[in-house]
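Mind having a look at this structure? Questions to follow.
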Amino acid sequence: MLKHTIMATATAVALAMAAPASAETLRFAGTTPALTMDPHATNDFVTTAIFRQVYDSVVGLSLDMELVPSIATSWEYLGDNTWRFHIREGVTFHDGQPLTAEDVAFSIMRQKDSRFYTSLFGDVAEATAVDDLTVDVVSNNPDPILPRKMSRMFVMSRAWLEANDSLEIPDLGAEGAEGFTVRNANGTGPMALTEHDPSVRTSFVRNEDYWGDFPGNVDEAVYSPIGSGPTRVAALLSGEVQLIIDLPLQDVERLENTDGFHVEQEPQLLFMQLEMDGTRDVALDTWTNDGEPITDNPFRDVRVRQAIAHAVDADLIVDRVMRGDARVVGIPSVPGFGGYQADLDQPWGYDADAARALLAEAGYPDGFITQLNCPLERYVNTEEICRAVAGMLDRVGIEVRVNGMVWPEFARMLVNGPTSSFHLIGNGANSFDSQDTFTATMMTRDADANEGFFNWALYSNETVDQVSRELPVTFDEARREELYRMGMEAARDTISAVYLHQPMITWGMQDTVEAPIRGDATLTLQNVTIGE
Amino acid sequence: MSTVDPTVATNPRRAPGRWQRFWRSRLVRSFRRSKTALIGAVIFLLLTLSALFAPLIAVTDPYDLATLDLFNSHLPPIWEEYGTAPFLLGTDSQGGDMLSLMLYGMRSSLTVAFLAVATSSILGTALGLIAGYFGRRVDGVIMRIADIQFTFPAILLALLIGGISQSLLSNSARAELAMPIVVLALGLSHWPHFARLVRGAVLVEKNKDYVAAAKLAGRGPWTIMRRQLLPNVLNPIFVLATLDIAFAVMGEATLSFLGFGLPPTEPSLGTLIRTGYNYLYSGEWWLIVFPALWLVLLVVSINLVGDWLRDALNPKLHQGS
Amino acid sequence: MLSILVQRSLHAVLVILVVSVLAFLLTSLVGDPVASILGIQATPEDRAILAERLRLDEPWIVRYLSFLGGAIQGEFGISYSAQRPVGDLLLERIPATMELAFSALILSLAIGIPLGVFAAVYRDSWVSSALMVGSIVGVSLPTFVVGILLIFLFSVHLGWLPSFGRGETVDIGWWSTGLLTWSGLKALIMPALSLAISQVALIARLVRAEMLEVLQTDYVRFARARGLAPRKINLSHALRNTLIPIITVSGIQLGFLVAFAIVAEAVFQWPGLGLLFLQALGNTDLPVIAAFLMLAAFFFSAINIIVDMLYAVADPRLRVKVALGST
């Protein structure tokens, strides 16, 4: 046994010595720029995926999205709404300073106040360093999934922030100089930031003192945002970048058939759904068949909701619009989320006749006219999904006008209203637990109480509300399981929304590059290998 | 045109019929001699007719979602493997027939272009007439506005007007107003060209005897502008308008390509190219190559006619060559 | 001369004032800056705080004056989407757009002048008429179509040239140039070419027309009569006389190139002002849009003053020709 170990070590050393002396640089591109390098100043998922290279989260995520030790090596619930996190010893920031429990506690307090994280950490009351290696986090209410949420909590250096006058999160829209932390970073992660020019490039160099595993061989990495899909593909084909995230689906086949390139896919932790007005007395932007403004809300009738669910052929959309690169979804959860129930995940199924019958039964034998609000970017092929949906609903008598909107505009419509009775949107879970889906996107909306804040179509169901109230305070696993099932069945039966599909994260890369995809669409640079 | 071309009128011979007179006019003779103009005119006529009769020729109707079938999506042109009738030039991602899309697209493009040129020529001519005839402060104000506009290239103005209003409009308003906005953006960006041209011509014409005679006869300024001055400035307006259609078609395509023109639900050639651009590398080349060629063909045909017209109606160049 | 300069400068001030009012209306009276800045997850309190910070409750005339004051000093506030001062954003992008536009101008002159001279000298040959028809096709090629075709050919099929961006840049003071690196020059070729093509056609036609005119003047006839070699007449006499109008027209062409650069920048993802502006339009990033308007007003007023001064010494008829010839 000992001999084997020595052999293995010897081989490893030999391999290490045989490794090419030249620095390996990974040049990769995505759609949108990393907005800021301050991990507490945004929750944009592209930006998060980028600054995750530099900043470690308190709790880590494995490539399978399982919780793993990171800055915290272990954690336990102490009771009294208090979680204890044990901090890893010997971790240093990129500037060489050692990480202390004080830094962790400070980071938690800094990030919890960020307006972007109120839905995740708004309930955290206090984080304190008990000793050099222990941090206690106290919430206002019991929080069984706090460790999972801590995978979105990023650790910064207090001393560094203080030295650069950045203890406060750089305020958006403020007059005067921009915050230091927007373009500079000092984390504990596998890569250190060398340059961040948001719209042009973000560059990293390997952190030689990284505390964790670094199985890959990337020494330097450069990320460039390339907004236009074809330009991104061109950049890959011409060798200017070795890897692109967000490979347009139409280019998957071409890339797979091109020598020297391959495509990696992984289900995204998100599902697309059509949300329908569940509360209003009169539906917005909806007309009777004669073009007169409608005087009721057809979407409130569960039979209309069922009709739409049956009229939309999710399989065909996956096959044609998504080119097979997606999975049809039957419940408001996907594999990889806490609380996912595989046996409940049965799609409604396409049945145009049933849809027509249901519409007639609901009192709309000739259908009606409505507007489908459609975000034009952010998710994959949304515009085409919307148009396909419109065509399908047209066949059962519901005339749909597709109203495409760029993302900021779409987001404004929801945040300032919400003023949409029918729209397409992606549904995920901030913490990757279905509990979030319930409390944030399905619970009856009460924005002031931070309940169902993302329930943009004002869906409302008593069972779902009950589940949404009970889940966050329930520690008993069996009871949680029961609640998940109860909620999902209720949501499914009342069509909380028409669930369409779970898209695939699709990356294209040179054959020499090996890059595993994590479910949160993060490229973990430490796991990337560049071959000959 | 209801008015008789002056170059035609000053061509007295035997009194032939109106049509014959037109056919034998210098203008038409030079047209018949110019091969390129002839080719351009024929192509343009064919394209316009096909656009006009799009509903009769088209297999699928982009405005009637029920005619689209997702099952027919992503088909290549008929001569390629998997190509299927009746989709001659293939289909798009929604199962729309490419040829039908281009016909309808050209319909939108030409509609926008004609309306835009109508806007700019009517506005520009009216303001040019007024400025030229009244002179003084009226002239000063109008031409100062024109000057301010001339500071910026027309395409930039169109992009500013179209882009900003689209960016500010929210939700449903945009889809409904997209076409009027593009028309206005293109129309408003080009009126000073007409105004300058017409004003210049009016300044020359208004000192001529026939205008003085009309004044003596007690005709009001509006009548003189309409009955005396307007017919005499129609020639250059006509040339500029023809050339302007090319500008408007290209302008619309550019705006739509950049995403500030017509929405994909209302396909124009520019929107089709914008959509097709996404498939540049995917092997579905028919989505971009056909609309791009179609657009170039359309613009070239207009410019061929316009180029001839410019030479034919420009007396200075006539003497020169 | 001086009076023209004064008059044109007053005119420019007027243009800039008009545009500043429009820009101000845009940033403050339309749109919802608060929602734009805070995005999807803001709470009502956040919104109230920000509204106060943006001084949204003061009378508009006060806000206009402070807007104008800021604009004069190059301060346009913070970009909603980039979260950085708009002035800095613009300043960073200026070199990219200028290098692109000037390269395209030089390219279009370098190709257009010889073509035009050739077409004028051999005015009756088939090459000349082919060139004239070719120039019509050239004028008819939309910038973005040319760009797409170039990428398809040279980036994807041949793999010779990069399809996006500026390549490596070198900083000279605040000016970042791509002209000093090999990759920067390679990245410049296609965007500049796609911009230049329609201008090549215009320049060629203009040079031909001017040359034809000059070749018929007594001055050239006299030179011919003196028995000078045709080549010498064509190049040194005729061409030299067409240079002044060409230089003058170049000013206008530069304006067009900067305007069309927006399109080329979109196709090639060239990190210049145009791309910034398009992204700002997409995000309804009003401070950036307003600043872009002001910059455009300033830039084009300046170009116009220069061009008008050149006209004053050259030939006033030219302007009409350019207006007629350019679409």
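Going in written order, the chains are labelled A, B and C, and every chain counts its residues from 1.
Throughout what follows, contacts are C-beta pairs under 8 Å (C-beta built on N, C-alpha and C of every residue); 3 or more make two chains touch, one makes a residue touch a chain.
It should be emphasised that the depicted structure is a prediction, and the values quoted were computed from it without experimental measurement.
Taking the mean of each chain's C-alpha atoms as its centre, the chain lying closest to the overall protein C-alpha centroid is C.
Interface comparison, A-C versus A-B: the higher number of contacting C-beta pairs is recorded for A-C. Ranked by separation of Cα centres from chain B, the top chain is A. Separating the centre of chain B from that of chain C, both taken as means of CA atoms, is a distance of 24 Å.
Chain A and chain C have CA centres that are 41 Å apart.
Per-chain Cα centroids separate chain A from chain B by 47 Å. Residues of chain C found to touch two or more other chains are 151, 156, 266, 282, 284.
Counting only residues that touch two or more partner chains, chain A has 228, 230, 234, 237, 409, 412.
Residue positions of chain B with contacts to 2 or more other chains are 277, 280-281.
Against chain C, the residues of chain B that register as touching in their complex are 36, 144, 147-148, 150-153, 155-156, 159-160, 163-164, 166-168, 193, 196-197, 200, 239-240, 243-244, 246-247, 250, 253-254, 257-260, 273, 277, 280-281, 288, 292, 295-296, 299-300, 302-304, 307, 310, 317, 320-321.
Considering their complex, residues 228-230, 233-234, 237, 248, 250-251, 253-254, 285, 313, 316-317, 320-321, 371, 373, 383-384, 387-388, 390-392, 394-395, 400-405, 409, 412-413 of chain A touch chain B.
Those residues of chain C lying in contact with chain B across their complex are 11-12, 14-15, 18, 26, 30-31, 133, 136-137, 139-145, 148-149, 151-152, 156, 209, 212-213, 216, 255-256, 258-260, 262-263, 266, 277-278, 281-282, 284, 289, 293, 296-297, 300-301, 304, 320, 323-324, 327. Looking at the complex, you find that chain A touches chain C at residues 35-36, 43, 115-116, 118-119, 170, 172-175, 177-178, 182, 198-200, 224, 226-228, 230-231, 234-235, 237-240, 406, 408-409, 411-412, 414-416, 447-448, 453.
Contacts from chain B toward chain A in the complex involve residues 65-66, 68-71, 73-74, 93-95, 170-172, 174-175, 263-265, 277-284.
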